[in-house]
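Note that the chains take the letters A, B, C and D in the order they are written out, and that residue 1 is the start of every chain.
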Amino acid sequence: MNELAVPLNHLLFLSGLLFSIGMLGVMIRRNIIFILMSIEVMLNACALAFVGAGAHWGQPDGQVMYVMILSIAAAEVAVGLGLVLQIQRRFKTLDMDQANRMRG
Amino acid sequence: MLETTIFYISAAVALAATILAMTRTNAIHALIYLIVSLLAIAVIFFVVGAPFAAALEVVIYAGAIMVLFVFVIMMLNLGEEGDARERKWLEPSIWIGPATLSVVLLIELIFLIGSVEGQVSQGVVSAKMVGISLFGPYVLAVELASMLLLAGMVGAFHLGRRLLEKRA
Amino acid sequence: MVLVNLILILLLGGVVAAVSERVSSTTPRQVALLVIVLAFLYLVSELSGLDSLNQLQPSTPNDPNSWLIHFKASWIPAFGISIEFALDGLSLLMVLLTLVLGAIAVSASWTDITERHGFFEANLLWTIAGVLGVFMALDLFLFFLFWEVMLIPMYFLIAIWGHENRGYAAMKFFIFTQASGLLMLVATLALVAVYRDSMGHYSFSYFDLLNTPMAKNTAWWLMLGFFVAFVVKLPGFPFHTWLPDAHTQAPTAGSVILAGILLKTGAYGLIRFTVPLFPDAALEFSNVALTLGVAGIIYGAVLAFGQTDFKRLVAYSSVSHMGFILLGVYAWNELALQGAVMQMVAHGFSTAALFMIAGSLQERLHTREMPKMSGLWQSMPRMGAMAMFFVLASLGLPGLGNFVAEFLVLLGLFQVNPWLTVLASMGLITGAIYSLMLMQRSFQGEPNPQLETKTLTDFGSRELLTMAVMVIALVVLGIYPQPVLDIAQMTIASTLKFGLPGAMP
Amino acid sequence: MTDYIWLIPILPLISSITLMLGSAYLGRSVIATLGVGSVGLAAVLTGALAYNFLHAPEPIHVVYWTWMQVGQFDPSIAFYFDGLTLVMMSVITGVGFLIHLFSSEFMEHDNSYARYFAYLNMFVAAMLILVLADNLLLMYLGWEGVGTCSYLLVGFWYQHSANGRAARKAFIVTRIGDTAMAIGLLVLFTELGTLNIQDLVAAAQAKWQVGDVIPLLICVLLLAGAAGKSAQLPLHTWLPDAMAGPTPVSALIHAATMVTAGVYLIARTHGLFLLSPDAMTVVAVVGLLTSLVAAFTALAQHDIKRILAYSTISQIGYMFLALGVGAWTAGVFHLMTHAFFKALLFLGSGAIIHCLHHEHDIFKMGGLRSRMPVTFWSFLIGSAALAALPLTSGFFSKDLILLQAYQQANIGPLLWVGGLGGALLTAIYSFRLVFIVFFGHANTSPDREIGWRMAIPLILLCALSLIGGYFSLPVEKVFPIDDNQHPDQWVELVSISIPIFGVFLAYLLFLGRQLDPGFLIESASGRWLKQFWYSGWKIDRLYDLALVNPYYWIATIARNEPVDKFYQSIVITNQTLNAALSKMQTGRMRGYIVSMVIGLIGFLGLSLFFVAGAV
């Protein structure tokens, strides 16, 4: 596979694109489930950048970071989905614009 | 060369699947596209010489985490009216502003990334190397990750349990 | 070790009092009284063993061995912080006053606390422990520690058991004293840094820091830091505004402790630290301080006259009386300092008694508003007579302690600044005006028909006994103050020489 | 021999404390016995002391303990006893005893019998300490002590707020004088290093020349104290109001003893005043003006006690006049005779008030001559002495004052003429009182005649008022001897005849009605003048406008703590900022995310900018 000829910046472009799309999703969606999904996309984009950079140097550190991101994503999803259930129960909606009890 | 081609194809699939996932009104459909996107990225991982990461991507991301989403969506039982509502929420007037911001950010990113030189691959980084690294210099990070997972577990349990008790 | 034990007795006593509520709701107050009496007896028995007390040698500030008791143990040697307690004449007087008024405070709230008895008495004891620490600690770090220790239980006393507007009052009290305490902390640290620069090692010990050489400008700013901290506590005009609220809202015991003892820590700090540590800067500053003192006397008196709330009136009278202390300290001669110390003791008793009367009235009438009182002498002659006595004491009737204090202050001040003395002596007139008004509005005048006079109970024997202690104390201070003067002289004679070298007679 | 001197003030003090503590447990007869007996015993002891002293007239100085000792400042609790002290003590314990006896009947039906005697005994004790003190600080103790007792007794019937107001006024107005006196003490100690009266006078005479400024300052300050206590201009306004107290209190405190404390103070420190002739002139002028102003005011009053109060002010004015012209002995002599006859008059008025259901207005009395003979005769004798009719005690003392005033170096004749005017007015108003109250037709009828406990003091005081003028005071060693020649015969003659003329005038005006001043009184200016005099020359009004109201006003506007406004402004600033910033917390998650993204773009932009800059 040594002949793989992908410039690193292409991979990073992909990662940036995915990140932007995920971020756009977080911004435009009101449903918390979609927001969570968008966050997954963003995390994944970051992970891609890490792995790509790690591959570039031929070092395992990028994948180590990937494992870390993975565990963060897992923990976040576990808690986040728990919260989704609570929000649905409390507010009878998943619309985050309605769940604004923290306003000052 | 083959790998290069596979990379670009997978990248296109990942992008397309992600965009579709982000724009669906039905949560399950969105989720399926998201899984596709994740699988495409797994392929990229494999191509760039990170088979361990690719395996994890498939097993944990696409396998475990997305299944969690599926369960929750099933529990919420959103139904048809949810679809309609989502559609209403996706008016252009709503997404134009954020989209502009995203584009600006993307342009900035591209500017920053554009200066990066070099190729991706220097060869396969095997699971063994990752393991040595994880339990060598990064052992503290592993501990931290384990704490984080524990906290996530406790939190999820706490939130879920209260829900169940109240229901009962 | 005696002094450490003394503080430990009170701290542990507080814990015991808190726990003892499990026995019954009346146990904590008995425990508290017992603990204070025990501490008092312990101190007295230890003191009676000291030869130096009988000779009353002046203690020199730079020689700890000349003090009555000195204790020093290493704590954080890297920064020169140690556990250093010492007792000289001034501290001894203040410690005794604290313990006596502590017992009085317990007695004053014997019945008016209805909930969380144990925690209440514990806070009371911890406050007292903190105050004792302040009066005895001679390591500036330790001093600051105790400064905070006395603050927090007091905050709880006001915030938990206070009256209708307690949250506001407690917060105000806390912010004022905390902010000023931080100034002091900064000044202390800077002082130690200056000391390190010239001596090469850290020390927080009072005895070391006394001789720190420093630039004039530095001394000025550091002095100001200490001054503000202590004047806020005193409280001197214009930093007094926390006092009326805190006093008014505090439970009776809280007011007694606050007025009787906590205010004195400010005066003590001025005498012990501000002037001796920065003699030149203090001298330069003395005209400002004296003016503030006079302003406080008159301002407090005028505002006291304008109040309708019994406790608020007494609180403003404290502001007025504390002005005399400020004058006494900054006149900085033997007469005036003796007067200031005397005022600390006498004011402790007279105001504590008035607050206790205010508390008793509130307990019986459920109001502190004087327009709702009037003519209470009719139904409560004993309380009226006591109120009359302490009102007369507070307006400076000769033969009672406050007069000795005020006259000595004026006499000392006259030698320094005659015109300010004339202004300050206006306080004698304005003091009479508000004091008599207090008496008129509450106890004299036509009995208020709206108060069901029959249900009002006069002072019982517990209250009378408490009052009697203070009456006797004030009378003795008034006609034979010499023992107190002699004990205070131990400190004053030496501090005087130390303070302003050759600056004043 | 004189070991028991401390007993004299202590006895009433002990009795007072006993009465305070035991008020709830003691019977009325016990209370009366204690209250009256302790003062009686003190009087007996004073008599014994007097006996000793007259045989061996040496001053006695007893030091009990050092009150406080701070550096140079070491006033003692110590008594100094000489002829002047003896005169004062005799008046205090003697007249005091009679008034106590009178009170025991007068106050018999009062609920607070014990409290009354406790205060009254306390007063006697404080007054004795005042006159016995060997230093000015101890004197100041007594000085404030009597002021306090006066406050307590004027406000004795505390249920009426008017009494409370009068009591407060008395205390605060005298306190103004007291404060001046306290400042005087500060000056004295700072200058001379002692407050012991004898040492102080000696030191002053050694240090200063006659006419120096500092003695003048000191004397003026002491005079201010004396004027406050003795109700002299401009601090006299409290005394008429102080009549709100029980009448025996007025007799004891506001006629016989406390108000003469100022006279005592000046007489006691006459060594200082001699150093400052200007101060003495001020004393004389203050005294004369006071006596005239008060006499005019007395002429227009209706209330029997207010008439007597103004007459007291006026008579003390005479004493000040005497002191001011250096007639020390005459001043003290008048103090003593005045104590006799004014106590008599007050007790007499007390008897009237007692028997007439607390009636104070003289125009509602009348014709009491036959119904209350004892009272009538005592009032007549008292008035005669007050008017200084020949052979009464008042005659001797007042005559002495007028003659010596005439001889004053600078403005002597002027003082004399003023004094004569005062004497004329005194005769008129005192007999106006007698004629209106005891003659004419009866408007009310007394419901009882007085009992023996009220009669005996009246009779004894009658006797003293008559023969008091023949006493010779044992004060020749205290005061410098006057070596004035006797003035011309005509001066004496005029001085004697003026009071007689005054009584005659009063007869014509108020009894015989041969002279009808109606047209004068009814004219506009006459009415205004009457109102002006009646209100005490509007001095109260003046003080209200100049001092009292502004003080109230300031206290009212300052009530809500102006200084705190500053701290409040800090609080308000914080709260406003808090409100403004918390508005940004909309609770909308997407909003937060958008703002985060904007921040991100900003930061990336910044880093881009710097990267570009670096390149």
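Just so we're on the same page, a residue touches a chain if its C-beta (ideal position, glycine included) is under 8 Å from a C-beta of that chain, and two chains touch if they have at least 3 such contacts.
Since the structure is predicted, the reported quantities are computational estimates derived from the model, not experimental observations.
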item	value
Per-chain Cα centre nearest the global Cα centre, belonging to chain	C
Centre-to-centre distance between chain B and chain A (centres being mean Cα positions), rounded to whole Å	5
Mean-CA-position distance for chain D and chain C (Å)	37
Whole-Å gap between the CA centroids of chain B and chain D	98
Between chain C and chain B, distance of the C-alpha-averaged centres to the nearest whole Å	67
Two or more partner chains touched - positions in chain B	98, 101-102, 105, 109
Sites on chain D at which at least two other chains make contact	594, 597
Residues within chain A bordering two or more other chains	23, 27-28, 30
Pairs of chains found to touch, sorted by chain label	A-B, A-D, B-D, C-D
Sites on chain A touched by chain B in the complex	1-14, 16-25, 27-31, 33-34, 36-38, 40-41, 44, 47-48, 51-52, 54-64, 66-68, 70-79, 81-86, 88-89, 94
Interface residues, chain D side, partner chain B - complex	594, 597-598, 600-601, 604-605, 607-608, 611
Footprint of chain D on chain B - complex, ascending	97-98, 101-102, 104-105, 108-109, 111-112, 115
Of all residues in chain C, those that touch chain D in their complex	237-238, 240-241, 244, 299, 302-303, 305-307, 334-335, 338, 375, 377-378, 381, 385, 388, 392, 397-399, 403-404, 407-408, 410-411, 414-415, 418, 421-422, 425-426, 428-429, 432-433, 436-437, 440, 443-447, 479-482, 485, 489
Residues of chain D that touch chain C when the two form their complex	20, 23, 65-71, 73, 77, 137, 140-141, 143-145, 148, 151-152, 155, 158-161, 164-165, 167-168, 171-172, 175-176, 178-179, 182-183, 186-187, 189-190, 551, 554-556, 558-559, 561, 563-564, 566-567
